[in-house]
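So, here's a batch of structures to check.
What follows is a pair of complexes built around chain A, which joins chain B in one and chain C in the other.
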Partner chain A sequence: MSANALKGVRNAAMLIAGLLVAWQALYWFVGDAALRPPLATFRYTLNLVTSEAFWPHLSETMRAFAVALAIAVSVGLATGFWLGSHKLSSQVFEPMLVAVYSIPKITLYPILLLAFGLGMPAKIAFGAIHGIVPVALFTINAVRNVRPILIKTGRVHGLSATEMVRAVLFPAALPEIFTGFRVGFSLTLIGTLLGEMFAAQRGLGYLLMTAIGLHNVDLIMAVTLLLITFAAAVSSVLLAIDRRLHRRI
Partner chain B sequence: MSQASAHVSLRGVTKTFPSAAGGELHALGPVDLDLRRGEFLAVVGPSGCGKSTLLELIAGLSPPTAGTIEFEGRRIAGDIPDGIGVVFQEDACFPWLSVEANVAFGLRKSAIEPAAKTKRVREVIELMGLTDFAKSYPAQLSGGMRQRVCIARTLVKEPRLILLDEPFGALDQQTRLLMGDEVLKLWRQTGATVFLITHALDEAAMLADRIAVMSARPGRLIDAVETNWPRERDSRIVERPEFGVITARLWKSLREESLKTIGRAK
Partner chain C sequence: MTRVALYRVLVILAAVLLLELLCAIGVIDRITMQPPHLILRDLGRILISGKQNAAILKTMTNASIAFSLALLVGIATAAVLHGYRALRETLDPLFATYYAIPVFAFYPLLIVLFGLGDAPQIGIGFMLGVVAVIVNTLNGLDRVPRVLRKAALIERLGAAEVALKVALPYAAPYVLTGAKFAVAYTLIGIIGAEFIMSRGGMGYEISFAYNNFDNATMYPLIVLILAVSISINTALSWWEKRLLARRGL
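Moving on, here comes the complex of A and B:
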């Protein structure tokens, strides 16, 4: 196990080193107009995160993202458990969910903006609609795929309906649900940032768009680096948990 | 034997299911059957004859369409009675729980205090030879070991009636014989009444005090064979001449019925 962990760390380190080399090479190729080299970007990023003007943007994005994720997960889970355990409802609503999933959600953004106005609520709504459907779809499948014998065993032990959900359905479905959460996490982050890039006055997405407008390559690079680092770090933690959950099956 | 003194008593029990064609499928019965307290009863029958349905009715997993089932004088009608434990053929271990926690699951609804619970779980795990695997997860165990975990989870409740639904069906022949020995030992130690569903005639002949033979669907009881084995017995009784006589008698009753099943489209 510790040999495996060591291998994992070594692989990650090699991947990061490879990416840095590719970045530097790309910089030599396209030049100063579009990119900054890694070292300059790290230096600028350090300055950025230590400046006071940066923190309101970060906290705005994080708040919007956290609320959007909470909505996506709770609505997605509730929908998933409902449709996963009720056949008629799932026959009616699941095709709709799949259809909604394939709509490019950016086309809905003007309507959301008109409905919620500029600012936090629109961003949250936009982030949440990205995340709800994948969480719901994964949960539906997870609940539906719980082996009937486990439910029968629960009944033989005299479990009530709520105990059945808590002690059998949820833990049995958890590995699949978690995979849905992982996908929902990434998509909600994308949705929130997209929402901030248009019609917002604060947030990392807004900062990125302003930087593009001013052709501030340093700032673009720094914000992009921060977002990538955050997303990659959380994703790899989630993936590790995901694998751990799936190993027991 | 009168109905009142029987541990489990079935009178005129039938079960019908709505069929795909919109009509009714007569799956079982009418069945009349009494189990004596502490008896080991096996039910054999051709596949699809309603054996498992019969077990589900006694377990309270579904109510009979007609007739009555009484356990210790109380009527069972689709509710799960206390004092009954069930072991299924399929692997029914909870994969997210350790062996220990799987066994402890059997005591979820019992009122005994935590310390006594832990002690009882440990005892049953030891009884089933799982002590070295108490912290393991089901995925790390063989099929036979997982079935032991399921048996332990049932035994920990100290059921007075144990229902076994082809519990060794998924295991290889040698493991089945050895598991049979263990079931006989547990049956003697616990004093419980055992109701075993099986399609294996030799398994029924080796384990049971009495064997009920079921007809093809709709399943009815067409024969009952007393084995007259001593209470102290194990798989070595297969060497005895009576064993051959019993299996031959079972097959004689069943052959016609099995042919019906094979000739019938599913």
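Moving on, here comes the complex of A and C:
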């Protein structure tokens, strides 16, 4: 293991230990009314994931998230390549994308519910609208910053538009695009979960929302722990890949 | 007006006209959405009659408090954290994961801690906003040229003075980027918390109107929130651009 990787593992271990200590201390301060200590939460979480009722919720969330992420990435990439390589379009549309990025999308959930109805399509739409814009914005910048000489070389070789994207633009812009994917991943996940909290009858977000409604502290803590663990695990892997891609250049 | 600005106005006009048309020929039915001109009329009515003023005032006051807190605490945290490299590296994975975590899961905890008033909602808004400020301020502090720090050393400035007179002013455009995100995130936090559990505010009114099929209240309030966040964002972007232009960037 390289020195860098070792340092990363040590940092992660220290962060986790620090968070566990803070959690236990907060529990001693707040008490049973709103918190459970780490050990009790782990025990409850283990019971939860081994119970049969839990798996349909998980698979529902994962399905919605996967579709939303696929939509966010494909639409975001297409928009990004288009606006990144066409100056006038990007001058017209990029400020609009930035404006859309900055609006609190949670206010749009009633509109999506009215348009898509309660259930899977609304969740997917909610996740996708969170993810599309960051992927697009990062891709625009990535494509725009590709060194002109690479594009000129491509032209000299007479590449078509699709060949240009596949053989020149995409490989050259990959590190920045991957950063966009990383941000898009987080936002699509939170978008899908928020969609489930407000607009679903299945899924982890729904489970969390019912737990909040019933003030079932055990369940709130367990679901939150699972979500944080999943998000943290995936985003550390993505962060590591991201750093490696950026170092290559 | 420049050509680009003209195109931008035309695109927006075309989008609004398309919505009008879809509503007029019945592709979008009245239960799903009112045509745009009716939304504007209803917004005017709501603002003139003043029946939503209490809700608007509550949400906007809470959002400004949460935003100010996030900005102050975020900048201070980043200024301190920038001096402790090991601590910062330990916290980095937390920052990278933070926005994939449904912070709303902590709302019940905040209610137990702070009671049923406005404080838990402000707390959620603050928690969502503060990390964006920290991350972007750190990014700005990383870019302070060494010559400026050396000059400060020669002038024998203390650590606090270096931060206040040299480093933070240099990082100002990046802090503004963080502030833009914080505006959106605090609004998401406040409105989301109002959706989940509260006795007033725009989020509460929107979900109340949604449950009663009262589109004449719901759409104008949503449009109002979007308009407010886009205007604040545009103003901050303009300021950010001016700061960068002064540096020849």
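By our rule, the second predicted complex is superposed on the first by the 241 of 249 C-alpha atoms of A that agree within 3 Å, B and C clash if a C-alpha of one lies under 4 Å from a C-alpha of the other, contacts with A are read in each partner's own complex, and residues count from 1 in each chain.
Throughout what follows, contacts are C-beta pairs under 8 Å (C-beta built on N, C-alpha and C of every residue); 3 or more make two chains touch, one makes a residue touch a chain.
This one's a predicted model, so the numbers in the text were calculated from it and none came from an experiment.
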First (chain B), second (chain C), both or neither touched by A:M14: second
Chain B versus chain C as contact partner of A:L58, first or second or both or neither: neither
Partner chain(s) touched by A:G158 [first = chain B, second = chain C, both, neither]: first
Which of chain B and chain C A:V143 touches, first, second, both or neither: neither
Touching partner for A:A167 - first (chain B), second (chain C), both, neither: first
Chain B or chain C, by number of chain A residues touched: C
Partner chain in contact with A:A222 - chain B first, chain C second, else both or neither: neither
Partner chain in contact with A:R247 - chain B first, chain C second, else both or neither: first
Doubly contacted residues of chain A, that is, touched by chain B and again by chain C: none
Complex contact set, residues of chain A against chain C: 7, 11-12, 14-15, 18-19, 30, 33-35, 88, 91-93, 95-96, 98-99, 101-111, 113-115, 182, 185-187, 189-190, 193-194, 197-198, 205, 208-209, 212, 215, 217, 220, 223-224, 227-228, 231-232, 235-236, 239
Chain B residues within the chain A interface of the complex: 59, 61, 80, 82, 85-86, 88, 90-92, 94-97, 105-106, 108-109, 137-139
Residue ranges of chain C touching chain A (in the complex, touch as defined): 4, 7-8, 11-12, 31-33, 89-94, 96-97, 99-102, 104-109, 111-113, 180-181, 183-185, 187-188, 191-192, 195-197, 203, 206-207, 209-210, 218-219, 222, 225-226, 229-230, 233-234, 237
Partner chain B, residues of chain A touching it in the complex: 147, 149-150, 152-153, 155-159, 163, 167-168, 171-172, 174, 247-249
